[in-house]
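Each of the next two complexes has subunit A plus one other chain: subunit B in the first, subunit C in the second.
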Partner chain A sequence: MTTLTYFPGCSAHGTSEEFDSTLKLVMKTLGVQLEELPDWNCCGATSAHVMTENLALALPLRNLVLAERLPHKTMGIACASCYSRMKATKAEMDAHPALAQKINSTIVEEGTYKGNVEVKSMLQFFYEDIGTGQIKAKVTYPLKGLKVACYYGCLLTRPQRITRFDSPEYPMSMDHIMEALGATATPFDFKTECCGASFSISNTEVVLSLSGILLEMARESGAHAIVVACPLCQSNLDMRQPDIEKKSGITYRIPVLYITQLMALAFGYPLKDLKPAKHIVPIEPALAHIGEEIESPQKTPKSKKAVEAESEVE
Partner chain B sequence: MARVGVFVCFCGANIADFVDVPAVVAEAKKIKEVKISVEYKYMCSDPGQQMIRDAIVQHRLTSVVVAACSPRMHEKTFRKALSDAGMNPYLLEVANIREHSSWVHQKDKKAATEKSCDLIRMAVAKSIANEQLHEISVPVTKRALVIGGGIAGIQAALDIADARIPVVLVEKSPSIGGRMAQLDETFPTLDCSQCILTPKMVDVASHPFIELLPYSEVLQLDGYVGNYKARIRRKASYVNFSSCTGCGACWQKCPVKVPNEFNMGIDKRKAIYSPFPQAVPNKPVIDAEHCTMLLKGKCGICAKVCEKGSIDYTMKDEIVEREIGAVVVATGYDLWDPKPYEEYGVGRFRDIITSLEFERMVSANGPTGGVPVRPSDGKVPKSVVFIKCIGSRDEAKGIEYCSKICCMYTAKHAILLHHKVHDSHAYVFYMDIRAAGKGYEEFVKRAQVETGVTYLRGRVSKIYQKGEKLMVRGEDGQLGQVVEVEADMVVLATAIYPYKDNPDLARLLGISYDQYGFLSEAHPKLRPVETAKAGIFLAGCTQAPKDIPDTVAQASAAAAKVCGLFADTTLKKDPMISVVNPEFCSGCQNCINVCPYQAIVTEDIPLGHGSKELRTVARINEGVCQGCGSCVAICRSMAISLAGFTDMQIINEVVAI
Partner chain C sequence: MILLGQQIENHFLEEVNRKSGSNVLECYQCGKCVSTCPVSNYMDFPPREIMQMVKLGLKEETYMANSMWFCLTCAACSGRCPREIDIPRVMEAIRHLAIGENADPDNPRVKQIRKFHEIFLDMIKRYGRNYELRMMAEFNIRTRNLFKDMHLAPKALLKGKIPLGHERVGRTKAIQRMFRMAEKLEETK
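Right after this comes the complex of A and B.
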């Protein structure tokens, strides 16, 4: 049985509790054990990483060093911001040994950084380590009829030189996982656009306008729901939706679900395990589409290569 | 006993102001082999040369040292002076006391003077060991090979053939014409590309001095300047060209449809096809990769409908050999693949096309009858966004260089759009407008002012679909704002990029290429059409992005170089090349590995005098060796020496200082 070092980040113990709980259910079904990193600390996202270089690197480095004490070779991170900070720090440490030594000296009592633990987002872990085939095999309640817009946000695939995962502009990993669950992923051109992130608190207007565009485009794509793998994206799109609706005068009512919530549902867990009460926009109406007959799936335009390769006989 | 003459030049004030010339002359006199040491204001002038000629005779000199400017400047001049005085010209040494002394030590006359004395001592010491050398004479085959039948190859072939020199023109596709045949109108005059190109194509076909080998490729090139041998594969066309009349019955009846390369895959051609109506030669070929008769033995319709019985399914590729003296490489360009621009939805949105696809659409003989249409629904676009620098000047996603022609053809496309669709509007997103060329800036102004094209200075960050429209989001840098343009169609100005098999071609020819795959010229400024390999020249976009005027100019320049090379029946070559002493050669072949010109081969010689056993030694090909000296440096048994730069000469120089 695989064991994964689990880094929940602060939101998984608070606002994104439903991400945390459904993640645990999904992992159980997939046969993956989670060991939460003991004594983990703040990753430094949102303030520390722009204030001082030392703190920006030392905070994630401490977590990396702690992870190296465990016997597991991969650390899975639930929050996209934590993932970004950890991955960026690891890249910086591996590229500049002298800097690594200097930063390490500030947390010397925790141990010496060796760089032998891999850092992955949960999305990346599902896609690369589990694979869509395995996921599909565990589905007992196919989500046929449900149309979802997969929203990756800005951090899960960027910057590419650091993440080295999927495409930075038009990723498809989450789309493929949704298809494996039986759902239909809609063509969503805004899957890596900004939601407004932490401006939610300091300048809410920015979030209302940016997340507003995302909702509009998700609706345009024909989606019943938006799927995310980032707590901040979820909170902006869900929690700010009433304000966005008030501002624009358009009623969206598009629920915003974590990838693990839909996985759990497809793996046969009951609706209540998804913690519907945690959502501002109710999730039930969207989930009611499951089981509906769908019109023939929207044909994605053939790539030029495919057209070229084709040679037909009259 | 050596008798050396030293001739020190003032070079006006260039040397004399910073070097104490009389002191240098006096110092040179002290060297025991120096029989005469004199100074003159301009040694390269007629009286200066006369001074040298007189001294050679009067003092029975055995070698001459001229202390003046760089040998690159006047070595030839002084060698000729020696020849005129009846002396072997290679007994000359030049001490460069201008570039190496007076110019670089202008603040310290004493040091410059001392250094000049040193340079002269070295030159004198070297010259004592100079040997009489004689120009090498290499026979020449007066026939040129031109690779590539685009406008560059056509122009080069015609220019060479007009000088009554036979040309073999090899083109890989069934017709000559290249990229220019695909263009509609040309900037900045908007004259029809086909109309100015096709007469030249016909000239090629009918020229008595041009042998046209279409549907062929060069496999191998052996030999050296003036004496190359090319092996060329003539791909099987499965059509007997001598009886085929080009009537077209075969391709009308052929049932197999294949994406049409000439139209950038917008429509289909048949498996037996002639690429376009004005093709030269205007004979069809069978595409063996798609013909069901050749693949599965089923069909045979073309043979049935051919009244002349010209179809021959049993035809095989044929290898031909041609002896040639010089090569012009004019293989043209490919387009940079815009796939990395995922934020534009390249590959997802069918109404994003490349500039060459647009060019085919607006061409009168194109797949859409000269009107641009949206590939998704066939509607005529009213709002078209052109995005420049796709790939070019983009270190993150593309290549660093400027593709040079895109600013101009985008202006042309915007104008042509308006000509074809009167109620349309064109938007151009650009970084800069690079319109350096005769009539170019005026042409861009015409697009902006007369046609009313909206030019927006900034990059496009995203394209997304909204209903039937493509929403193009970009920055208008002049407003400092993000703008969104609703477009029916987007045209990407993709960069010129070398063909991916250019490196293979370069290796085959023994020439070099750059990090992108463009073939390298010998010198970026002063030898722009030559390669580092003697007798091989470049023309057109295979060397770097170029527009048609530049391509034609370079092709004519390459042709002039070929004609110059063939002006005499033999080639004269500097004798400063490597020589192998087979007695010392151990046959390790390290020299072969380091030779940048592939000038060294192996040969087997008797192990000893009269012995029947053989051993392998290196041999220098006189025609190819450029005298770089790499082999001399690598040779561990000191078996190779460079004429004019022998070990003894170099040691003498070192000992003299």
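Right after this comes the complex of A and C.
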């Protein structure tokens, strides 16, 4: 049985508790054990690297050093921001040993950084280590009929020289996982556009504008729901949605689900395990589409040009 | 930098290049970063212009811009930059230099952004972890805007979206020591 060092991140015990709880269910089904990193600390998120140079590296480094004490070779990170900071710090430390030594001097009590633990986002772990075939094999309740827009946000695939995972412009890993669950991934052009991130508190109107465009594009793609793997994307799109609707005058009511919530549902866990009450935009109306027949391509009215072309052939 | 055959000293450019690991002189002003940037319309100088200002050594003018405070580090620009300049790190280098020299653009939005980050770091220093509800409350108190987002509170709290309790790292002393040491490193460089 694989065991993963698990880094939940601060929001897993706060606003994204349903990400944490459904992740644990999904891993149980997939036969992966999670060992939470003992005494982990905040990675510093946006604030540390905005304001300081050394602290921005020291905070993630402490977690990397703590992870090296455990026997597992991979640390799986739930939050996209934590993942980005940890992965960037690791890249910096591995490339510049002198800098690593300097930063390590702030946490000497915890140990010396060796660089032998791999850092992966949970999306990356599902896609690379488990694989869509394995995921498909565990599905007992196919999500047929549900159309989802897969939203990756900035940090899961960018910057590519650090993440080395999927495409920075048009990633498909989450789309493939959704297809494995039986759902339909809609063509969503704003997959990796920014939601406004931490401006949620300090510059709310930026978030209302950026997240508003995302909701509009998701709706235009025909999605019933948006799927995410980042707690900040989730809270910006879900918690701020009523404000966005008020500002734009458009009613979206598009629920925003974590990838693990839909995986848990497809693996046969009951709806209540998804903690639907945590969502500001109710998830039930979107999930009611499961089981619906998907319109076959023939049903869609043909364009004038296509009809003309056919009559010419005849 | 050599301009019209004359050697011109541009310490600002050198510092930004050293800190960011990029060469800003490589920028040929195509503007791809501006069209990519999701927040360029909030910036008083979009990324392309900031690059040019650094090239020209306009330090004070650059420090007074709000651009590097609005950069969300989404890295969309650097992925598309034909000269492969790490623009978010250039923005970061300018920001760190400006903080180091106590340059503060007198801009209410920049003040809000800075306040948020300061409270966030304060939270980590105290508990080792971040606690969202308390952070939002402190932000409202310290920016004297008590009722900001209050309309979200009943729903968020009733639904358990934001829990009331919070946790801390077992060895908060280790975290505080790290903060002290990192601050010292910051001073020495």
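The rule is simple: the second predicted complex is superposed on the first by the 296 of 314 C-alpha atoms of A that agree within 3 Å, B and C clash if a C-alpha of one lies under 4 Å from a C-alpha of the other, contacts with A are read in each partner's own complex, and residues count from 1 in each chain.
As a working rule, a residue touches a chain if its C-beta (ideal position, glycine included) is under 8 Å from a C-beta of that chain, and two chains touch if they have at least 3 such contacts.
Just so we're clear, the structure is a prediction, and the values are computed from it rather than from any experiment.
Measured by the number of subunit A residues touched, the leading partner among subunit B and subunit C is C. Look at A:M217: by the touch rule set out above, it reaches subunit B but stays clear of subunit C.
Looking at the shared chain after the overlay, A:Y170 reaches subunit B, while subunit C stays out of its contact range. Applying the stated contact rule after C-alpha superposition, one finds that A:K272 touches neither subunit B nor subunit C. In the superposition on chain A, A:T106 contacts subunit C only, with no contact to subunit B.
By the touch criterion stated above, A:F190 is placed in contact with subunit B alone, subunit C being left untouched. Annotation: subunit A residues 168-169, 193 touch subunit B in one complex and subunit C in the other.
Listing the residues of subunit B that touch subunit A in their complex gives 255-259, 265, 290, 292, 342-343, 345, 347-350, 376, 462-466. Of all residues in subunit A, only 10-11, 13-15, 17, 39-42, 44-55, 58-59, 62, 102-103, 105-107, 109-110, 154-155, 158-160, 168-169, 192-194, 196-199, 201-204, 206, 210, 239, 277-280 touch subunit C in the complex they form.
Note for the complex: subunit A touches subunit B at residues 167-170, 187, 189-190, 193, 217, 220, 300-301, 303-304, 307-308, 310-314.
Across the complex, subunit C meets subunit A through its residues 19, 38-39, 42, 72-76, 78-79, 86, 88, 92, 95-96, 99, 109, 112-118, 120-121, 123-124, 128-133, 135-136, 139, 148-149, 152, 155-156, 159-163, 166-167, 169-171, 174-175, 177-179, 181-183, 185-186.
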